[in-house]
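Take a look at these structures.
Each of the two complexes below includes chain A, the first together with chain B, the second together with chain C.
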Partner chain A sequence: MTDLAQETVLRRSVYKSEAFEAQLRRRYRAERRFQLAGIASIAFAAVMLVVLLTTIVLNGYTAFWQSRFDVEVFFDPEAITPSGSREPAVLSAGDYPALVREALLAELPEATGRDGRRAVMEMVSSAAAYRLRDMVLAHPELIGTRLKVSLLASDNTDQFVKGHIPRAVSEDKRKVSDRQVEWIDRLTARGVLASHFSLDVLTQSNSRQPEQAGMWGAVIGSVMTMLVTLGMAVPIGVAAAVYLEEFAPKNRWTDIIEVNINNLAAVPSIVFGLLGLSMFLDFFGMPRSSALVGGVVLALMTLPTIIIASRAALKAVPPSIREAALGIGASPLQVVIHHVLPLAAPGVLTGTILGLARALGETAPLLLIGMVAFIVDVPGSLSDPSTVLPVQIFMWADSPERGWIERTSAAIMLLLAFLIVMNAVAVYLRKRFERRW
Partner chain B sequence: MRLDNIQMSVANRQGPAVRAIPSVNNKITARDVNVYYATKRALKDINLDIEENRVTALIGPSGCGKSTFLRCLNRMNDTIDICRIEGQIQLDSVDIYAKAIDTVQLRARVGMVFQKPNPFPKSIYDNIAYGPRIHGLAQRGAEMDEVVRSSLERAGLWGEVKDRLKEPGTGLSGGQQQRLCIARAIAVSPEVILMDEPCSALDPIATAHIEELIDELRASYTIVIVTHNMQQAARVSQKTAFFHLGEMVECNDTEEIFTNPRDERTQGYITGRYG
Partner chain C sequence: MLSGLFLIGEREHMLSDLFFFIGEHGQPMQTTMLLTVIAVLTVVGYFLGRGRAVAIAGGRLSTLHSVPPYHGFFVALWAGVPALLLLAVWVSCEGPVIMSLVLAQLPAALIPTDHQALTLLQTDILNLAAGVSNGREPDPAVADAAGLYNTLHMVAESCLLALGSALAVAGLTLARRQIRGDLRARNRVEAALNVLLILCSLVAILTTVGIVLSLLFQAIQFFTMVPLTDFLFGLHWNPQTAFSGDVKGSFGAVPIFTGTLLITVIAMVVAVPIGLMSAVYMSEYAAPTVRSVAKPVLEILAGIPTVVYGFFAALTMIRDVGTALGLEVSSQSALAAGVVMGIMIIPFVSSLSDDVINAVPQALRDGSYGLGATRSETIREIVLPAALPGIVGAVMLAISRAIGETMIVAMAAGLAANLTANPLAAVTTVTVQIAATIRGDQEFNSPKTLSVFGLGLVLFIVTLILNVIALRVVQKYREKYD
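Take a look at the complex of A and B:
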């Protein structure tokens, strides 16, 4: 007993010694340093994210405003249908640019001569003439009347109005001439030229002219591609995971398969594009640039992610549930379908949505199977040529005109919105299924 | 001192009812059963008869193979890849390891209750109804309601849960969950119920509940129970088998084992010298 008492005294003195307190202080300092480092890294990530999002939004929000000339157009019968015929073929061949020109020249009488007329026409988009043609084709009774029409301004005019083309530089370094600057100022002051809120950037299909380009075709292409990916990757991935985790014997073959699945998850996506090119396009002759082939390639790319996530989720289901079901005579398949899979569903869903989110943002493999083509039409079926949002962003970002910058940013905003929605759905589904416990 | 206690509890339990059981059939017979986990031999030449409508307790120190033996009786060991079984186990004189035997059918006849209560994360009603539903024993609706009610009644749980059958089974207390698992096993009308330390995760009151229940169930089922608790073995069983290091050392009437063990290892264990 005395030994024990002595030892206790000794120990107490150790805890009160100078050396021990110094060590204690060192420990606390180390802990504080670690916490500070953690906070600093989170702050750094947050700042970077804010900078990124702010840049995108500041660059992109102007894409939802478009400059237009509100002018009175005279639907001149001489220009539209010199022969007087009202046949659609004749009407669609009319000289609509002339109507646009006359309407603008009425506002700018000092623009004379060939140069003046060309300078005026540079300020308005080629879409303006198409708009008038479509109006006449829809309502031939407009011919011979005057009507206030809103005509889309050209990209350069639009960018100047938005302040993206600086006024202070010399004329030869500016896309807008001094004369055009003066006209723009005058028409803006008179209220003829103004910026209007417009969702054209979302609802129009692609175009060579930035002021006319929209991303609806890419949105539809992305949706169709994702549907193909989802429809193919989820059943195959979940079935493979269930088989490997619940049924397959553990031997050398399943080990090899497992290692290869893990390797596949790390294969660069462009390799899947090459596979799609040589297999689906060359060998099977599937339609080039189509959402079908794109979806299949992305499904192959997503499969390892889904299999790995699903296997982890299945592994996390407590074995007691399997034993309980087996113990009352459920067959192995019933055990999986009635008990294990429902419990693993949140994990499977999360893995699936993360895989799909990656596929949604994927560009490289789609370039190889031809989805980078310039496609004006909105795809109507899985085999139609189409493009997807990230490829659209890639193509727009690659174009020189100033107008593409804001449209690229707008497309990025839409893509991010898609991703946020998908992740929100993943979180919601997770919460919902987890309530079953 | 401990042996005296056990003997007393054996003496207390003894009544005319136990003695009244006539000579009984062997429900399960195990002959020369060997079990290997990979190369490790977990059970050595087990020969054991399990009598019908009696409670047989398997006792022994941890790792002695009693749970392994129990899990051989409904082929739950089949789910372990590295596990290999030799010898013969007969249920009603039919080899359960024969090719023609279907494990689904076998496990419906030989139900199991596990150490840790493991209700499905479903409603109390669905926990009970699941077995009858997959085996097609009862039609959805009134017939199933009746199966659920009678199973819960036999497990002594009906009064406590009859107003909340739609609530999740995982929300019950530990003892109630274990009775729910027993009711779930009963619902598929098994002939044998295997219990793997059914009370080890429960408090004494819940344990007493389960023990009473086991005694009542004996009339209709053959019960094999693995337990670490020798008082429990003495209280609930008529036959006791003592396992040690993969061998079945001794099997006899419970009374006989606890009052007059033949093997000195048995005596050592029940007097608390090891285990």
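Take a look at the complex of A and C:
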């Protein structure tokens, strides 16, 4: 008894000692440091996400504004059709850049000589002349009249107006000369040159000139590719999952299939591109650069994801449902089709949407099958050469002109918007239909 | 460019037949018609079969073995499946058969002996037959051959239409005649569906087989030109200078492997500590509200396409941060690519580690707390060691992910195959070399194109080994605590 009491006293004295208290403080400090490290890690990830998104949005939102010159254009019969003919062939061969030049020179009378004219023409996009041509072709009665037309400014002018090309830099390092700067300032002050809200970046098809380039073709290409992926990956994936989860006997073969699916899910995406290249393009001779091949390659890539998600969803359906259905005389296939699959559908759907979202953002395998070609036309069918949004982003990001940065960022904003919508739908489905048994 | 599209040889044609109904390939209307016929007959078959079953039952459905819809499906299957099989076989055999018939008609002098010239001749005939001119005035014999090809093609298509329709009708009538009260229609239909399910689950296997075969086949061709040892141990990668005569010394892949390694190491230095600490904090410390915010943040980070990260790396990391720090950063650098790739992989590491840490039994933690350990001590001394195998597996999966990543490196680290350990220099990786060399319009005969398959094979093998080991480790670990 006394021994025990003495020991307690002794031990308490150890707990109260200086050394022990110091050690305890140290341990608590370590605890706080550890916790701070955890917070810092998460904060780092969050900050990076915010930085990434704001960078994209700040660079991209200006793509929805475009600088235009609102000038009065004289549709000079001499320049358009010197012969006086109204044949479309003659009209489309007219000297429309001259109309653009004269209209701008009327605003800038001091721009004389060859250099001056060239400096003026550098400020407008080449699309301006095409615009006038299309107007004349549609309405030949315009010839000889004057009309106020809004002419697209060139990339450099546009970027200067938006402030992306800094004013402070010396002239030889700037894409816009001092003289042009002065003109831009004057025309802006007079209201001739102004930025207008424009959805051209969405609705136009691709171009080599940043100020004319839009992503409609890539959007259509993405939609068609995703349709192929959806049509192929979902039926096959769900069927495979049903077989493996509900019917497959447990043997070496099904083990191999399972290991194989898990490994396939982790194969680098570019390897699927090589598969598409040598299998579908070279061996089967399917049309290259087409949404069809792109869709098939992405379908093979997303197949494991869909199978794994569908199996998880099937597994979550309790056995009692199956037993009850079997008990009232349903065949095994009827059990699955009439009872298990409908109950697993929300899970299957969620997995499918997430798999598709990944496929929608995938770039590398599509480069290998030639979807990286420069394509102006909007693809009309699955075998037409086409491109997709992420590949378009890659190609635009590769181009040097300043204007591509805002176009690329705008394309990324659209892609992210698609992905956010898809993920939101998936989350909603999960929340709305999730059942706990 | 356009002629390049037609340079593919006879296989182009036979498969384009399969796909023309989606595109605007023009001539063979018959295949579309056959598909329509089959579709219509299938639907008709369903209703005929069902109607017949109902008629046989005469109002007492219980006399039937299977309910009427199954009889309908039974007939529909017989109407559709044989005809579709015929169509598939026909389309895959037609091109070569017709081509051999056409070639037999050509004068023997015109037929070249070596394989490549023969392919070229076949391409010429196909182009002429399709009405695509290559600008040259064709040899009259070749023009005749093209005409013959077109005729035979038309005949074959018409035969296919007739045979296919006949087969579908025959299948339908025969199956309908079989319908009786005791026909086990449901069992038959279910057996067919079962076969379909098995076929679907084999697609994954076929994909793997396809990957392995296509990589091996082309890689072996490459290694007959460039010795394997040169490829694996050579120090200079310079495929641009390699012409078919002089391939030695241009295909040493060591700079590419070291570049991949450098970027992977940088990415792991960023991703593993941050990912692991995030997972630890989320599963051991975070209040439910913090968790409900932090988890979606990480999920969004994981859902952003890699091409966006690549753009971000090239734009912000190099252009802005690099100049702000006054670093002598080349316009492309391993550091930027590696760090951004690390950010991309953080959610990957953290979600895998999260699972692993949550699987550690609570009893281990409680024991540790009972002995007076603080939370961080418990985590460091008990939870993490217990979870170590799983974490190692997660890290290995992350490494495999980093090795296989293409777009970030392609946009931020460049193409220059430098043998360097300097993170500010431009390096290249296996995946980038593959993506940069191939743009879908290559001929498979230059060592430069084929080298890509050598690289692809190495990539596939390395990631496969990492994945197999990692999956096994994770599985073993799960079993241990389950």
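Here are some notes:
We take it that the second predicted complex is superposed on the first by the 385 of 437 C-alpha atoms of A that agree within 3 Å, B and C clash if a C-alpha of one lies under 4 Å from a C-alpha of the other, contacts with A are read in each partner's own complex, and residues count from 1 in each chain.
By our rule, a residue touches a chain if its C-beta (ideal position, glycine included) is under 8 Å from a C-beta of that chain, and two chains touch if they have at least 3 such contacts.
Source: prediction; values computed, not measured.
Shared-chain residue A:Ser331: touches chain B and chain C both. In the superposition on chain A, the chain among chain B and chain C reaching more residues of chain A is C.
In the superposed model, A:Val71 lies in contact with neither chain B nor chain C.
After overlaying the two complexes on the shared chain, residue contacts for A:Leu187 are found with neither chain B nor chain C.
Of the two partner chains placed by the overlay, neither chain B nor chain C lies in contact with A:Leu349. By the touch criterion defined above, A:Leu303 lies against chain C but remains apart from chain B after alignment on the C-alpha atoms of chain A. Applying the stated contact rule after C-alpha superposition, one finds that A:Pro249 touches chain B and leaves chain C untouched. When the two complexes are laid over each other on chain A, chain A has residues 331 in contact with both chain B and chain C.
Residues of chain A that touch chain B in their complex: 249-250, 318, 320-331, 334, 338-339, 343, 436-437. Touching chain A in their complex are the following residues of chain C: 5, 8-9, 11-16, 19-20, 22-25, 186, 190, 193-194, 196-198, 200-205, 207-208, 210-211, 214-215, 217-218, 273-275, 277-278, 280-282, 285, 294, 297-301, 303-312, 314-316, 343, 346-347, 350, 374-377, 379-380, 397, 400-401, 403-407, 410-411, 431, 434-435, 438-442, 444, 452-453, 456, 459-460, 463-464, 467-468, 471. Residues of chain B that touch chain A in their complex: 74, 76, 79, 81, 104-108, 111-114, 116, 118-122, 130-131, 134-135, 168, 170, 181, 184-185, 187-188. Partner chain C is touched in their complex by these residues of chain A: 27-28, 30-31, 33-35, 37-42, 44-46, 48-49, 51-52, 55-56, 59, 235-237, 239-240, 242-244, 247-248, 256-257, 259-264, 266-275, 277-279, 281-290, 292, 300, 303-304, 307, 331, 333, 357-358, 360-364, 367-373, 380-384, 390-391, 393-394, 397-398, 405, 408-409, 412, 415-416, 419, 423.
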